[in-house]
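Take this structure, written in structure tokens, and hold onto it; I'll ask about it next.
Note that the chains take the letters A, B, C and D in the order they are written out, and that residue 1 is the start of every chain.
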Amino acid sequence: MSVAANPVPESLLEERFEATIARKDRIEPRDWMPEAYRRTLVRQVAQHAHSEIIGMQPEGAWIGRAPSLRRKAILLAKVQDEAGHGLYLYSAAETLGVSRDELTELLISGRQKYSSIFNYPTLSYADVGTIGWLVDGAAICNQVPLCRTSFGPYGRAMIRICKEESFHQRQGYELLLTMMRGTAEQRAMVQESVDRFWWPSLMMFGPPDDASPNTARSMAWGVKTHTNDELRQRFVDMTVPQADALGVTLPDPDLAWNEERGSYDFGQPDWDELWAVVAGDGPCNAQRVAHRTRAWSEGAWVREAALAYAARESAGHEA
Amino acid sequence: MSVAANPVPESLLEERFEATIARKDRIEPRDWMPEAYRRTLVRQVAQHAHSEIIGMQPEGAWIGRAPSLRRKAILLAKVQDEAGHGLYLYSAAETLGVSRDELTELLISGRQKYSSIFNYPTLSYADVGTIGWLVDGAAICNQVPLCRTSFGPYGRAMIRICKEESFHQRQGYELLLTMMRGTAEQRAMVQESVDRFWWPSLMMFGPPDDASPNTARSMAWGVKTHTNDELRQRFVDMTVPQADALGVTLPDPDLAWNEERGSYDFGQPDWDELWAVVAGDGPCNAQRVAHRTRAWSEGAWVREAALAYAARESAGHEA
Amino acid sequence: PADLATYCLMLGDDALVLSQRLAEWTSNAPDLEEDIAFANIALDLLGQARLLLARAAAADPTQVPALPAGSPVPDEDRLAFFRDGTALRNVRLAELPNGDFAQTVARVLLFATWRLALFEELARSRDAVLAAVAAKGVKELTYHRDFAGRWFLVLARGTEESRRRLVAGLEALWPYRAELFATHDVERAVAGAGVGVDPADVADTVDAVLDRVLETSGVERPDVPPRAGVLGRAGRDGRHTEALSLLLAEMQSVARAHPLGQW
Amino acid sequence: PADLATYCLMLGDDALVLSQRLAEWTSNAPDLEEDIAFANIALDLLGQARLLLARAAAADPTQVPALPAGSPVPDEDRLAFFRDGTALRNVRLAELPNGDFAQTVARVLLFATWRLALFEELARSRDAVLAAVAAKGVKELTYHRDFAGRWFLVLARGTEESRRRLVAGLEALWPYRAELFATHDVERAVAGAGVGVDPADVADTVDAVLDRVLETSGVERPDVPPRAGVLGRAGRDGRHTEALSLLLAEMQSVARAHPLGQW
């Protein structure tokens, strides 16, 4: 049967697509999908993949200086996991018809973004713990719902990623706990780090719902399942007791338990700062992209050699 | 009067040259000199200039890590002086008709040598002191007689250089003295450093006289005024009491005062090692030349820009 | 006295950190003359740093890191070698990696022009030590600015390559320029007391000098937005780039390995 | 026990230092797969280093650096973070800067082939701990060697550029190869006691493997003389290249800043 001869009418395809979404079933790469859905997904999956890869830099900077061999092993393995997450996610994006090379070009040319949190610098070893606890913690809040996202390869990648992220989060928190049992300097280092990362972590959930124009459509498509503010609240409610257990102060004078809501009230981050960082003027945007660009272009000859070798081998086998 | 029409016969020129040497007067750049004398001098002055420039590396490696601000200033100024010495010496060589660029090419292509001592690595901050004390000390023994060398520009450069080298030597010795008054680790660091640099310092005077074929001619021309073994003995006699004052042991079981000679007896360095280092297989030869080559080639665009600017300016002024 | 000490650390750390960067050029410069010139500038800045750190320690000994009993390490070295990055007060412009020769020339120009304007005012400080440090520094910084200004012109008008690199270097640094003129509370306080200088007050002077250099060189003033800090804080509050902690790791390694050492 | 401890430090430092170098590739490799692979190898070596340093400390506690009273730093970290370069016992091959990807591939090939041959013998050590470490290491090192061997072939037969770089990288490392097979007195002693391995005994095995890789790849065995040490001493005696002290300055910076810290 020729597809061209008997095309399924687009309206029917769209109906089927909507029905799959409505059943909370998964859309698979070979299924028909609206072009806007595909575009939204490519953008989201790519941005997520880029975040994993760029996210290797701020923590990777401390592998060489990890203050114990055990922490060195933990950190090296964690950053390696991030590379692995990047791999799964680029593979998921490839099922939508876009290659890793293309996406990398979009990243280094600045046409695709990554999570703004990685445009903040790491300034002490405590940041390794804080990134695990707060940044990975926020990422998990964002990502757990994505395990049930409508696009199959993305949802399955997220299941694996979330499992590893939880592990990283516990490791980060455990580092901070250990440091808080150490010297006064170490405790001060932890507090200083938390002071720096608290607000940027809250920004990871994106702008407030009333300033987030794409949320509605993403939710309708099952690409997104909770609003930014819902997830932010969940993160705060989860984190405040952990901060108490740790013995650090979260730098928000408005933070208080609201008996009525059964949730914490909290202040608003400086959204102007978020927009400046998104626009490219954050403390590390230029550095992160320059690093990725350098690594990618310095590796070009290796990738070319591998292609040339593979081509020659397959020619040899055919001959 | 045309020089071509009334040439002074070469025999007469040679006679005058020999007379100047015999009077211990100086040969100046405009004077006639035998081609072999010129070649010997170019080689010696260039090798000396290269030694200053390459010698910046082993100590320069520690400027960034100097353990006090005072020592950082002293070391930075010292390494800067070495660059200055390189400048005077390249200028002296230029009076013999060979440019700094040409000499640098000869250095980085391996066709001209530099002092082999700089092919040993610096492994601790004590090495900064030891190089000042032993290496600069040996250099001074070699160089003081050169202040009276027959070629004017070289002799005058040496006067200035020797004055600064003595200053460096005292600073190096003073660093070691201070470290010996410090912790047990610091004293061990000094001893370890002296153990490493003692024999290579003795090698700086060149092979024993009976294995040094060029000595006789260089002495006849007043380019060299003492034999290798004479200078080596002078260095040992000067250094042993300093080592005693410092409280370090020189690593030579044969070292002993010879009442009869009024000098110290001492053992022979491992000359095979010297020849291996001279041949290019010392611990740092490849590294030193690669460093110089990189710096020189990375700076090429700057030197070109300066030339282009100067050309444009002078064209502008003429127009 | 705490404010005075902090202010001295700000100016001292600027000099200390840029001196460390410029010293990295030693044996790496395009030719011997520039090798010597960068060492000269580094030495001048190191000298300024030593005086300023010593003044900070004298003004407020509580800001000097404690070491094990019996340590002979002097105050200037305790401050230089035993503080972590978040305790350093230098502007981020001073700590960035060198980049190429053109970027270093641009940095020295921006830095020396700014610091010269500050020191010209500071020479009238009510604090006699600061006034003396500044008066001496003015001569040095004038030389630094002129050296960088001359090379700026040469590179701008040299070759296409040199001009391209110069413009790129200037653009890479320009986002860190706003920080030079952002008044910190401590600077406001010491300026109010007639002891220090509010950097905002020298912005016009500095701009005029830079504009003249740019004009002579035919280089346009870069049009790039300032680089944000972290939650509104930057170098003056110890919120640095990632480059600083690596610079300190090297700089402090020998001193930290021997907290009881004599040098 | 002193000899056994020193021998464990030799093998442990080899792994520790090369692990540190390979970890520098993190976020810098040509593609994600190689980034992950280098991290894997670095992790394996780090694991070997930890076991070997712990064994060294157990065999001869006097070789473990002392720290201020009350320091909670465990032995493996005292050995890793509180020794100076001249106390490290690794071969110089492990400490050289990475160079490019080709040079790193060549290094991993040379290193893993050599260490694999050592560990195959060491698995029969009379010291049960060393035997167990070696038995586990054999599997890891086989993977390292195969990974490097595969890339060696790809680069040799890939493009002109990749072949040129591979040959250059191999030639840069080759002078450090003789050191791998030069028997140190301590190695001779532990080999005599049936506890360790004399590296000279595995030279033929290693050569045979390398020759096979070279032949398959069509790369000639480099003809360059060995790099001298200092007065006949090299890495096994703590006489290293200048690169090691800078590697340690970075690696030890945080630990040394907090000798009483818990991590």
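Here is the rule we use: a residue touches a chain if its C-beta (ideal position, glycine included) is under 8 Å from a C-beta of that chain, and two chains touch if they have at least 3 such contacts.
If you're wondering where the values come from, they're calculated on a predicted model, not measured in any experiment.
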Worksheet item: By the touch rule set out at the top, what is the minimum number of steps from chain B to chain C?
Response: 1
Fill in: Partner chains shared by chain B and chain D (touch criterion as defined above)
C
Worksheet entry | Comparison of A-C and A-D by number of C-beta pairs in contact, larger one | A-D
Discussion item. Can you tell me which chain lies farthest from chain C, using the average of the Cα atoms as each chain's centre?
Written reply: D
Discussion item. Based only on mean CA positions, could you tell me how far chain C sits from chain D in angstrom?
Written reply: 41
Worksheet item: CA centre of chain A versus CA centre of chain B: separation in Å?
Response: 58
Worksheet item: Between chain A and chain D, what is the separation of their C-alpha centroids in Å?
Response: 35
Practice prompt. Please list all residues of chain B that touch 2 or more other chains.
Written response: 65
Discussion item. Could you pull out the residues of chain D that touch at least 2 other chains?
Written reply: 84, 246, 249-250, 253
Item to complete: Answer with line, ring, star, complete or other to describe the graph linking chains that touch.
Response: other
Response to the item:
Pairwise, the chains that touch are A-C, A-D, B-C, B-D, C-D
Discussion item. Which residues of chain B touch chain C once you look at their complex with the stated criterion?
Written reply: 53, 56-57, 60, 62-73, 76-77, 79-80, 83-84, 86-87, 90, 100, 125, 175, 178-179, 181-183, 185-186, 291, 295, 298-306, 308-309, 312
Worksheet item: What part of chain D is in contact with chain A in the complex they form?
Response: 16, 20, 23-24, 26-36, 39-40, 42-43, 46-47, 49-50, 53, 72-74, 76-77, 80-81, 100-102, 153-155, 157-159, 161-162, 165, 250-251, 253-255, 258, 260-263
Worksheet item: Which of the residues in chain D end up touching chain B in this complex?
Response: 84-86, 172, 175, 225-232, 239-242, 245-246, 249
Discussion item. Which stretch or stretches of chain D touch chain C in the complex?
Written reply: 68, 84, 246, 248-250, 252-253, 256-257
Worksheet item: What part of chain A is in contact with chain C in the complex they form?
Response: 58, 61, 65, 120-124, 189, 192, 196, 199-200, 270, 273, 276-277, 279, 281-284, 286-287
